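One chain, chain A, links the two complexes that follow: it is found with chain B in the first and with chain C in the second.
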Partner chain A sequence: MRNKVLTFQSTHHVLKAEKILIEAGFKFDIIPTPKNISSDCGMSIRLDSESSDMSFLSDVLTYNNIIFQIYDYKI
Partner chain B sequence: MKTVDAKGKLCPVPLIMTKKALAELGQDETLEILIDNETSMTNVCHFLKEYKMQVVTEKQGNIFRLLVKKSGNIPENAPVEDFCRINTPNLSDYVITVKRNRMGDGAEELGQILIKACINTIPDLDLKPKKVIFLNSGIFMCLKDSPVLESLKKLENLGIEILVCGTCLDYYNKKDQLAAGRISNMYDILNSMAEASKVVFA
Partner chain C sequence: MQVYLDNTATSWPKPNTVVESIADYLKNYGGSPGRSGHAFALKAARIVFETRELLAEFFNADSSDRVIFTSNATNASNIAFKGILKKGDHVITSHMEHNSTIRPLRNLEKEGIIELTIIDCDNNGNIDFDLLKSSFRQNTKLVSTIHGSNIIGITLPIDKIGALCKSKNVLYHVDAAQTAGFLPIDVQKNSIDILTFTGHKKLLGPSGTGGLILRNNVEIDTLIHGGSGSKSESETHPDFYPDKLEAGTPNTVGITGLKAGIEFILKQGQKNIINHSRQITDYFLDSLIDIDEIKIHGPGKEKNILPVISVTSNFFPPDKIASILDKEYGIMTRAGLMCSPLGHKALGTFPQGTLRFSPGFFTSKKDIDYTINSLKQIFKNK
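Right after this comes the complex of A and B.
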């Protein structure tokens, strides 16, 4: 169950995060940012917090200067 | 023979009960499942077939009796909820056609995340399409290494048909890597679009 949503400051950050997370072996989906999180028409990353190493994820993104926020995913 | 009595139970309970009972069963043993509503019966059948189990269904009065031979194996983390298709009245009459592996004109990397987000949104739409068609470089969305494979499988489980252009698979030499959808030809594709109430090009 992909239950968490990562949001970013810009589409460029989403693209950068996507590349980094694929290289780091994470499984995730690119989705439009759910309306209950933001009314911007931005993109987000959806993943499963149970099967993903969230602290490693946080470390790689922070190391690459990508600022992000984590939300629960609800439709 | 072991019996799962799922009468009076609504989705996903019959699916969970079935999965649990099959896990306790030996290979090639038979399980009987009793269900009293058609939706759950269809969902359970779909689930079993996905995991290569042989199923025979019969209706006795208001009860569906399913006989399942454990001819396959269901992984412990099998996503039963994904098979829980609660009558989909929202399955609409339109078709989405994906003509390439990106959305819109402009920067290619942007087009690529747009198409991923687009396909990943279809399972969550209130108004779902009847079919999704993939043409030309759009077929890359249906291959083994596709980033949207899970969403496509979800769509298939919802009963949405996925048609993939066979000529295109052949041209790109990717036939052996198809992981979602069924190979289709121009006749089927044009017919599907002609029959649809409308066609949405992604």
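Right after this comes the complex of A and C.
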């Protein structure tokens, strides 16, 4: 279950995060940011926090100066 | 026969891949990048993102979010000057500058915002480096120079000027309109804080593309506020790059073409492009020497690094020769001041200007032979 949503400052940063996270081996989707999340931009990354190393994810994005926020994904 | 020798104004023809990528965007996925999450918007956003990444790598930028797209080099330089300079700042520039630098700076000077010093260049385009060195003041905020001239094929020593600015803790802006895509530029190695580039000349993209590369230490206030696709709930414009300096829908159609242009250059290899240009320019210069009626301006073959040749003649003014070449022989050149009155003053060719030949990547020796023969005929009939 992909239960977490990552939001970013801009589309550029979503796509930069996508590139970095693919290189780091993460599995995720790009989705339109859900309406119930206070969005920074129109697209977000959705992934499963159970099977993903969230601490590594945080480190790798921070190391690349990507600002992000994590939300619960609710349908 | 048609021969296009005005590549300094804009390069033509463009690689097929540039034309195809533009048509592909318009025909197959013409969405607005960053404005929605649907398939077309996402594909368009990816193209813009990938182009930024390519440019960041190409110029060795600190980060791809500091690659800012503008509609051309003039817009880029204006954004930089007007977003950085504050009342009381001193700016140093050179006599080789294009009006895209001189006019915004003269305007800021006229409005009483900046003090401006313009450093002399000799008639071969060499900047007076000692004068530059002694022109720094306590309030010097920025040095701005052109990289390659648009009149003669010379370059300014950006490495040396960049190092000097770094030692003085002054920002260095380089106008690389004529060189970006042609000569290697490394903003970190060359100590460039702000780089202006255009997409439609040596990067082989379409017109309407260009931009800035900003180092991490540079802060620019935005002149334009509006839609960015980000922070839509906020009534104020975002303060992070690139969105901060890019209000409004970007020129996606142009950027797709620019991406293909850069990829073409990378595939050909910059070294091969330079070698081809060198051969054509040297061949052109050697052939021109045979025409006694023509005077070639500039420092000669050795230092004629860019494919730009300026000539004058005692028999006809430059615009007359350009007009005959165009109308009777189908050869397209440029005559006059080329938006660089100060440069022509330095070269001693003001106010009449010169006749400029600027071959490009697709110019052949056959084109040059035809041009030389046409010139010979024009002077035979004088």
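One rule holds for everything that comes next: the second predicted complex is superposed on the first by the 72 of 75 C-alpha atoms of A that agree within 3 Å, B and C clash if a C-alpha of one lies under 4 Å from a C-alpha of the other, contacts with A are read in each partner's own complex, and residues count from 1 in each chain.
Assume contacts are C-beta pairs under 8 Å (C-beta built on N, C-alpha and C of every residue); 3 or more make two chains touch, one makes a residue touch a chain.
Predicted model, so just to flag it, every value in this text is computed and none were measured.
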item: Touching partner for A:65 - first (chain B), second (chain C), both, neither; value: second
item: Chain B versus chain C as contact partner of A:49, first or second or both or neither; value: neither
item: Touching partner for A:13 - first (chain B), second (chain C), both, neither; value: second
item: Partner chain(s) touched by A:32 [first = chain B, second = chain C, both, neither]; value: both
item: Superposition-derived comparison: chain B or chain C, residues of chain A touched; value: C
item: Overlap of the chain B and chain C footprints on chain A, listed as residue numbers; value: 11, 15, 30-32, 43
item: Residues of chain A touching chain B in the complex; value: 1-2, 11, 14-15, 18, 29-32, 43, 46, 75
item: In the complex with chain A, residue positions of chain B that touch it; value: 79, 81, 109-110, 113-114, 116-117, 120-121, 124, 147-148, 150-151
item: Partner chain C, residues of chain A touching it in the complex; value: 9-13, 15-16, 19, 30-33, 38-43, 65, 67
item: Contact footprint of chain A on chain C as seen in their complex; value: 33-38, 41-42, 45-46, 48-49, 52-53, 63-65, 228-233, 238, 240, 242-243
